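Listed next: structures, encoded as structure tokens.
Paired with chain B in one complex and with chain C in the other, chain A is shared by the two complexes that follow.
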Partner chain A sequence: MGKPEVKRDYTLGERLYLVEIVKGLGITWKHFMKNFRASLQKGPHTVPTCWQYPWDKREISPIFRGEHMLLLDEEGREKCVACGMCQRVCPAKCITIKRGKVKEGEEAKYAGKTYCASFEIDLLRCIFCGLCEEACNKGAIVLGQGYELADFSRQACVADKKRLIGNFLRAKEEGRLKPKRPPVPVAGAKDAKAAGPQKAKSAGGGQGKGLKRGV
Partner chain B sequence: MADNKDNNSGVIKGPGWILTKLEWLINWGRKRSPWPFPYGTACCGIEMMATLASGYDMARFGAERVSFSPRQADILLEAGTITKKMVPVLRRIYDQMAEPKWVIAMGACACSGGVFRSYSTLQGIDKVIPVDVYIPGCPPRPEGLLYGLLKIIERIEKDHPLYKEAMKFKESEGGRICNF
Partner chain C sequence: MEAWGVALIKVVFIWAWTLIIATLMTWVERRGSAMIQDRLGPNVCGPFGILQPLADGIKLFTKEDIVPEKAKKILFALGPIMFALPAFSAYAVIPFGDKIVIGGKEIILQVADVNIGFLYIMAIGAMSVYGIVVGGWGSNNKFSILGGLRSTAQLISYEVPFGLALLSVVIIYGTFSLREIVLHQQGTFLGFLPNWGIFKQPLGFILFIVTAYCEANRVPFDLPEAESEIVAGYHTEYGSMRLGLYLFGEYVNMYTLSALMVTLYFGGWHIPYIDMSKFLGPVAYGIASFLVFFLKTCFFLWLFVWVRWTVPRFRYDQVMSLGWKSLIPLALLNLFITAFLVQLTI
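Take a look at the complex of A and B:
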């Protein structure tokens, strides 16, 4: 190991060392004052350090999939008809529905001829995939934006119908409902329409055959 | 206090002034330093890392040092799927933790098995260890985890560590010499 070659002599400022220290401290103070001034400002998200969660909640995407809600239509009637599509499509099998028939005189309460007598979602099983929302024909179940779901017991994490409708009413009040999205295009549906009844018939026949083979 | 009143003697049973103040002090210390033991076994572990990192900074609630030794940890932060092969390890880690200890089950898999209704997955870690707070989600948001931690802190605040020990002592053999 040879001696390191110094190309030039140190300047007086470098040799004093004090100047460089003051420069470094200056940078530290500059950043400290920047953060300090920002922290004094009012309003959300002004502090450039980290998300101050319980006091300052971060804005989340309108299509975030959080806690479910059961929707009511414009007249305040329950949209759900308890067809069980969500229950069937759910990969975690966390939805339990009991169906009830709407009696005479209760038409103002429910939109369909049947309604869900009980609608339970086990949030601990749920993986918030949103398939129930996609499967629903009536647009009755939607995943909202609630994410503060932690609780002390398993039983407390089962969302019943009352809680789900409550979620909807709260979201409606706060204006956090999802914007309406165009329906998902189904592959082949457009072509079948354009080709006329003949092709549609053949497609139907094919499906029938497939079903028979399956059976 | 009405429930604690002894009808025969008229003496109010329960933690006294000194005991409550001491308990308050102990709880104050405990709730401000809940060191977590990060037990991330799946994708929830990634969200747990995001919560621990500078973006959400779990250290704001006193979870300052992530303890990789169970003996110095207060909270077992179980994030992820527990397979049945993993159960002895989880149980052993829980047993190695010193009292007082709390358990957070984070995510669908840890809470109830989630989508994995299979022979190899444990259907919720509460089958083998007691769980204090369940956090639903797949995975939950960092806010969800912080909310769970706040729930634990809430539980610590309501705890009576000394009174419980005193009652245990009273029920045991030593109870003959003390009278409170």
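Take a look at the complex of A and C:
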């Protein structure tokens, strides 16, 4: 602590202090006028540094980890086979799955031989680490972009299967699905190593991260 | 003597007016600070967020009133009252306009034109420090008591130059009545300057405005409530409307001090070079003088906000050395020069 070290002596104007205060007032006045004029304009996001949240939402990354979705394949069948890998890997233990066997006549509904009879994610426990997505063999569970998860009761914060599939359908409609990830290269395999980086380049910036983790 | 009814109307009017200005100032402060810091501030309640003070008021009134278990109950309750009451009563002697003639009766736009208005302001202004000290002591909290102690130490270092700066004004005008001081400021000075106190007392004005910031506990002298050092200072333990009274009293103090600056140094309700009473009717003149006075006050209110978001807080010892080593010698020098010049001209 103490006085800041200054090589030269303070000039009289600096020691008087009032002149410097007036200079400072000039700087703050410039900021004030700039933002004052901006705030008079119509529409959200008039002040460039300020996001007026409920009306003015920030764009989020395509690999954002938000509320989960349960994916359907191209024929509209549920991808999940209820293997329980996500349940096992989840560090917060927020996933509860009940497995059911696909009966005859239901093949159009489910992709595998088994399916999840119920699939619950306790969003209050979830830490959005994304391990469930990594663990899933079928690519059935993916973390989406929804982040407005507040609700009035604890029960409302437990996402059931219907809500998770709904998330997927909505994201698909709005074109907010994640770009496909390049396959994780296996160490030692020659062709996979060579192919990996090229694919990553073509897939875009956000994908580099996932790739690195795999290597 | 005026009729009691007229006096009562004036009291109620100026009380309500001060309340409205103080509430609006909280909004101005928040939005102004936001704009200065590249934010937007409260803009949801009503047009431009102007109803935000109302929402804040409702919040403060409906909050639970918590009194700490080990607080000194009586002092704890007394603190905010002792802070807010002087703040409100100080405005009584400030002339907020010239005069208005209604139904053949001449009404002076001032609650009480006492011939010692000056001393009244000084006495009442120093009183509000008791509210801070008592509240800080009664809270039984180390940060609160630090805030109270700082306030006391700050008081003795700024109240002397504050009084000396005001004394030079008294020497020039030869009166303690604030209304007469404003009346003296009509016309021109040296032929081309408006006859305002600031041109006769430039050094005195600088001393006054610095000590006024001390008196109002505003940045750069907000040591008693320095958030980054002692949590919230004297009102750390306060909540609900008790806290509201403290915050409110601060803005009322600001309003009174701004009005005092206009009265003493910026010619009250006078517009330079123009005598409004010559071409305006008696009623219109009364209203115009009130508005001119109010606009001038608004500028100084805004200056309080503006300076707050520009200047960092002084350190504790810096305030002491500023008060004792710079302001008091300067104020004495100013007093001597003024007395000398006045003696020469008489």
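The rule is short, and it goes like this: the second predicted complex is superposed on the first by the 136 of 215 C-alpha atoms of A that agree within 3 Å, B and C clash if a C-alpha of one lies under 4 Å from a C-alpha of the other, contacts with A are read in each partner's own complex, and residues count from 1 in each chain.
Keep in mind that, in the parts below, a contact is a pair of C-beta atoms (placed from the backbone, for glycine too) under 8 Å apart; a residue touches a chain by one contact, two chains touch by 3 or more.
The structure presented is a predicted model; accordingly, all values stated were derived computationally and were not measured.
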(request) Tell me which partner A:50 touches in the superposition: chain B (first), chain C (second), both or neither. (result) both
(request) Kindly classify A:92 by the partners it touches after superposition: chain B alone (first), chain C alone (second), both, or neither? (result) first
(message) Looking only at chain A, is it chain B or chain C that touches more of its residues?
(response) B
(request) Could you look at A:151 and tell me whether it touches chain B, chain C, both or neither (first, second, both, neither)? (result) first
(request) Identify the partner contact of A:170: answer first if only chain B is touched, second if only chain C is, both if each is, neither if none is. (result) neither
(message) Quick check on the superposed pair: does A:58 touch chain B, chain C, both, or neither? Answer first, second, both or neither.
(response) first
(message) With both complexes superposed on chain A, which partner does A:123 reach: first (chain B), second (chain C), both or neither?
(response) first
(message) Based on the A-chain superposition described above, do chain B and chain C contact any of the same residues on chain A, and if so which?
(response) 49-50, 52
(message) Taking the touch rule as given, give the residues of chain A at its contact with chain C in the complex, in rising order.
(response) 18, 21, 24-25, 27-29, 31-32, 35-36, 39, 47, 49-50, 52
(request) In the complex, go through chain C and note every residue touching chain A. (result) 32, 34-40, 43, 206, 306-307, 309-311
(request) Spell out the residues on chain B that touch chain A in their complex, using ranges where they run on. (result) 54-57, 60, 108, 111-115, 117, 124, 126, 132-138, 140-144, 146-148, 150-151, 155
(request) Enumerate the contact residues on chain A facing chain B in the complex. (result) 49-54, 57-58, 60, 91-93, 122-129, 147-154, 157
